[in-house]
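Each of the next two complexes has chain A plus one other chain: chain B in the first, chain C in the second.
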Partner chain A sequence: MARTTHTLPVLDERAAGTPADAAPKSPAPHGSPRPPRTVPGWAWALPPVAALGYFFLYPLFLVGKQSFSPDSGGHSTEPWTDVIEEESFRKALWNTVWIAVGSTAGCLLLGFVLALVIAFVPFPGGRALSRFIDIFLAFPSFLITLALLFLYGTVGMANGLWTDVTGGASGSGPIDFLRTPWGVLLAEITYFTPFVMRPLLAAFSQVETAQLEVASSLGARAPRIVRQVILPEALPSLAAGGSLVLVLCLNEFGIVLFTGAKGVTTLPMLVYSKAILDGDYPGACVVAVVAVVLSVTLYGLYRAVVARTATLTGGARRAGA
Partner chain B sequence: MSTPRRSTVTEKDTPAVGETPATAGGPADAAPGAGSAASAKAAEPDAAPGTGTTAAPTSTPAAAAAPAAVSAGADVAHRPGTAAVPAGVAAGPDRPGGIRFDRVTVAYDGQTVLDGLDLTVGGGEVMALLGPSGSGKTTALRAVAGFVRPAAGRVLIGGRDVTDLPPYKRGIGMVVQQYALFPHLRVDQNVAFGLKAQKVPRAEIPGRVAEALEMTGMTGYARRHPRELSGGQQQRVAIARALAIRPGVLLLDEPLSALDAQLRSGMLAELARLHRELPDVSILYVTHDQIEALTLADRIAVLDKARLQDCGTPHDLYRHPRTAFTASFVGNANLLTVRAAGSGTVRLADATLRVTPYGDGGGNGDGPGEGAEATLCVRPHALRLTGPHQTPKESNMLRGTVTDVQWRGHTHRLLVAAHGHELRADVGDLRQPPRPGDGIALTFDAEDAVLLPAGLAAGGAGVG
Partner chain C sequence: MLVHSRGGRWTAWTVFFLLFLPVFALPFLVVLMASFATNWSGAFPSHPTLTHYQDITKGDSLNALTTSLWTALAASVLALVVGGWAALAAERLRGRQRRLLDTLFMLPVAVPSVVVGLSLLVAFSKPPLLLNGTREIVILAHTVLVTAFAYQSVSAALVRLDPAYEQSAASLGARPAYVLWRIRVPLLLPSLTAAAGLCFALSMGELSATMMLYPPDWLPLPVQIYGATNRGSLFTGAALAVVLMVTTLIVLLGMGRIRTRASYR
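Moving on to the complex of A and B:
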């Protein structure tokens, strides 16, 4: 029990008897003058801007400059016209775009469903699975691709099972899609889905259980609750995960190299083959510049669509979305 | 709201306090002039803490409980004589909206959090579940809502067994402490949520939304988002959302706990008004705040340690607590260990006190035998301050020494060491309050002290 004996009289006595003594001793909380600022505010921005310029923008500038510098010397648009006229470039451009967009869509769909199950459907091992997602993010992409080769490769388990059953020769199984764009798509969805799930799981953990319960008591069944309560809440995280996956897919190299190397060429693969295999540096730089522009454009387009969706649904009201 | 309203208060099924089963089975006649239960309750908090000016408990029990005791249902509340006996009250559970807990037990990971709850909430009745944290009151509400499945027992709503029904099929409205509004939806969309979920015809929805918003005074805020509203406004929207589906049962889970004191007071009055306007809606109101329970409820069920400890009208629980826990939790009574001295008196150390034996009207039997130990419950505001050397006319005088004085604005709380106990006494704002160390005397009327058998004294927990 707190003892508040003599509360009022004692307070009164102190107040009456000691103001003159107390004033000089007590430090003024707001009145102390600040030391004069010696470094102007903009000066603090110089180091990061300089670092950004030297380590990122300048090399980018050099790549751009190289794309206008043909091996024959001087500066011209010849490397650009050469590359654009190539059939392989146009095909790589198309492959890059549709595989990236398809992978992102697949990751968003699969990631949302899986995260929903992990977050809201209690099952044994759900927590462990959630932790595994974190570890999965640290895996190198080629490892997943390698695993898929073991499963669906020409001499993989699925084909092995087929040949065991049918008695055919090893390597003659019917499953051979890993070298096609669909194989790349499967591998990218497999590998990048956790990148969508991680922010989603964080968002789902913030959804108030009370909201779900109230929605349920009002008569809403699970699909309506997901659609009208959970999804709008998770939209910013879905957008963040989606944009991350889109950019990563546009520039993915390892997965394409391991799976569709023979049949599928994307822009990063084209840069590699031109620069390393063909020694065509100006051509490689042209493709690289196109890849950068494509990434920025698609990313900007994606964000614009998401922002519009968020405005319509009232979501995406937090910073960082 | 077009919810059918009761035409007369005679339909009120709240049992009369202290009625015997024989009288309970009689015709349900209303006490003339009783008015609605909500309005009657709203007047009680001020009257209840009065100091010895109310009717003596030796008077007719039904008269003492007149505000809430309107009529009796089939069975009558037998308030438990011991903490282990639950109070089962049938007050029209089969009417639309009535709730019945039939020996409901809920356990989490082997730990029982609600133990054999047997309780009936009549159609149109406001039942407060009052208790400290961990008492099981929220679990009981969640069992009605369908968010927890009882390990044993059944839950009935309107006579229908809903134990195995999912929440969305139970037709209940629910309001929680943190409002739980859908942040991305506007106020009107929030209110329309349940109507759409229940597939109400599209053309009907705007009217129903407007109606619910009007009831809660939120018509002007229909186009706003929850984040643009204050806490009180958000809670009004939450109530409107729950009422829009015209539920037979409204579950309120500490709905005012997140509001400041002034808003809480206003919202209490609002809830009382809403209940008057929707007299057929049964309300289960979970709270740890006795003022909310006393203000709003037709009856209060007191829970502690997963069990129902007591159940009765607010007036009855306050005036005639049957357990030390009820006495302590509802009204923070002083609990004094005394010995019966015969002739309606008890001994507290060297003081002789005149008391009423074992709460008349509670059916706890006769008073204690001479020399038997018992617990005397005296409310802090029932104690009056008297000079130490005065010889009062009353026989009930406790002499002691002030150990602490707390000024509470309209009262002074005195902590007084007297006869081996530390007494709490709330006395009117004193011009010259005593100081710690001062010797004082406190007196109280016999009618304001309740004697409990010693066996019921354990487990009391004071709440200031």
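Moving on to the complex of A and C:
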């Protein structure tokens, strides 16, 4: 923190020393002995943008470049044709997409129900619970898979309960889905549901309780109120939360790595195994480019939805004031 | 109040806890229970022990903890400098320039962390900047990944800042640098500490990019947890995970306290 505060004034001194050809945008403050020489606003943004460019954008560009540079030398589309012909790549792409879509649907459903109860059927301790969910967001995702291993693993609570009841041998329980895509799906729904609940709770706090009372006094029952009053209000937040979760699920690596299943390969997992385990950098770069294009496109969609939501709620607040 | 009948309310609450407890509360409980156990063949773990925690106080696990703490500290300070600066610069921009800066600094959130790791590996494995195999590349990756959150938190805080203070300071003749240092940064302090706490927590738990980059002598805690569970030492992994969660919580709560203290000043 101290460094932020120190660097910025230093920059200002240096910037003030440069010839100021641009006219000052704002009128000089009264009492100032001379008009302050200003640099254009965009010049301030240059140092952090340069840092980001060198350490983030330029490496990404090199990944794109490397995907056209096979190990044999020269430039060709050979890595691309190789990877696209691989069965494992197509399977990983399919796995990534369906697990992400399935998890998003699960998160939206679960998050909507949970947020609905916290917001509209309040109970003591409900606020503490929503804070607990915030803490949940600070923990790494792989902890969930670790926990699921103790819950549903071959030695774990659920199978242990089964052997306790039936008296079977230890480790003979019937529950064994963690190393399948369903295990990844369950872990992702668990971990990402709070990302849906947070915007939903914010949206629900904007719903006028009077509206609910009116609907209720006119004879509407709870399911109908949810469908016709609450759901329309929540749709923008659902869309925003859903598209964010979709991107995060596409990019998820820790959960899949900890599952340790050979059969569940997603695109991030394929990048890791190609680069680190096989040492095939051009191939890894091809998969990386596909993953980045997929995620960034969807993320652009998410930002568009959020921008729309922001203007909508902003308008509603003004109308209510 | 959506549900008026007493029975309906109880039904709603029952459904809520039937969903909430197994999904959110149980994972923490089982990891905590497992960290004290040596065997889990029944419904509950057996043979309680403290050895997993005693092992952490020495050797590789302790190294992993300090490694994670240093990495997270360095990454969050760097991210706060870069992200905070960019957010302050973005505030002066309008229209297309502003949107461009927002997009640029939010982009690392959209790109898979594994790809961020791969890209650093590709870019800095050759001169002029040879970072592959050093601890700096791990810190760099964490910084790239958390800068977006620092940028977003500081941007959001700047929007909420009351412009009256800086305007009156400026009208009294304070130079922009003085206004920034004496007015805006103190007002932003609570948000800056909250952003630092968030960056620290995220960096403590970062696994994806780290798996691509970590050198043998700079092994953060998540990698150590993965190593333990991959070897089959699930209970050691659980103890390490509890240490990770508790450290993260302490840092977050500490930052939270600073926040309230500053807001009463």
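We adopt the following convention: the second predicted complex is superposed on the first by the 237 of 321 C-alpha atoms of A that agree within 3 Å, B and C clash if a C-alpha of one lies under 4 Å from a C-alpha of the other, contacts with A are read in each partner's own complex, and residues count from 1 in each chain.
Heads up, the rule we're going with is that contacts are C-beta pairs under 8 Å (C-beta built on N, C-alpha and C of every residue); 3 or more make two chains touch, one makes a residue touch a chain.
Source: prediction; values computed, not measured.
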Touching partner for A:Q228 - first (chain B), second (chain C), both, neither: first
Chain B versus chain C as contact partner of A:I133, first or second or both or neither: second
First (chain B), second (chain C), both or neither touched by A:S76: neither
First (chain B), second (chain C), both or neither touched by A:V113: second
Which superposed partner A:S216 touches (first chain B, second chain C, both, neither): both
Partner chain in contact with A:E208 - chain B first, chain C second, else both or neither: first
Contact breadth on chain A, by residue count: chain C or chain B: C
Chain B and chain C contact sites that coincide on chain A, given as residue numbers: 1, 3-5, 7-8, 216
Parts of chain A lying in touch with chain C, wherever the complex brings them together: 1, 3-5, 7-9, 12-13, 29-32, 36, 41-42, 44-45, 47-49, 51-52, 55-60, 62-63, 66, 110, 113-114, 116-118, 120-123, 129, 132-133, 135-136, 138-144, 146-151, 153, 155-157, 160-161, 163-164, 170-171, 189-190, 193, 209, 212, 216, 222, 225-226, 230, 247, 250-251, 253-254, 257-258, 260, 267-268, 271-272, 275-276, 281, 284-285, 288, 291-292, 295-296, 298-300, 303
In the complex with chain B, residue positions of chain A that touch it: 1, 3-8, 208, 210-211, 213-221, 224, 228-229, 232-233, 313-315, 317
Residue numbers on chain B that touch chain A, as the complex places them: 145-147, 166-168, 170-174, 176-178, 180-186, 193-194, 197-198, 225, 227, 238, 241-242, 245, 251, 404-407, 415, 435-436
In the complex with chain A, residue positions of chain C that touch it: 1-4, 8-9, 12-13, 15-16, 19-20, 23-24, 26-28, 30-31, 33-34, 40-44, 77, 80-86, 88-90, 92-93, 97, 101, 103-116, 118-124, 140, 143-144, 147, 170-173, 175-177, 180-181, 185, 189, 192-193, 196, 198, 201-202, 204-208, 211-212, 222, 225-226, 229-230, 234, 237-238, 241, 244-245, 248-249, 252
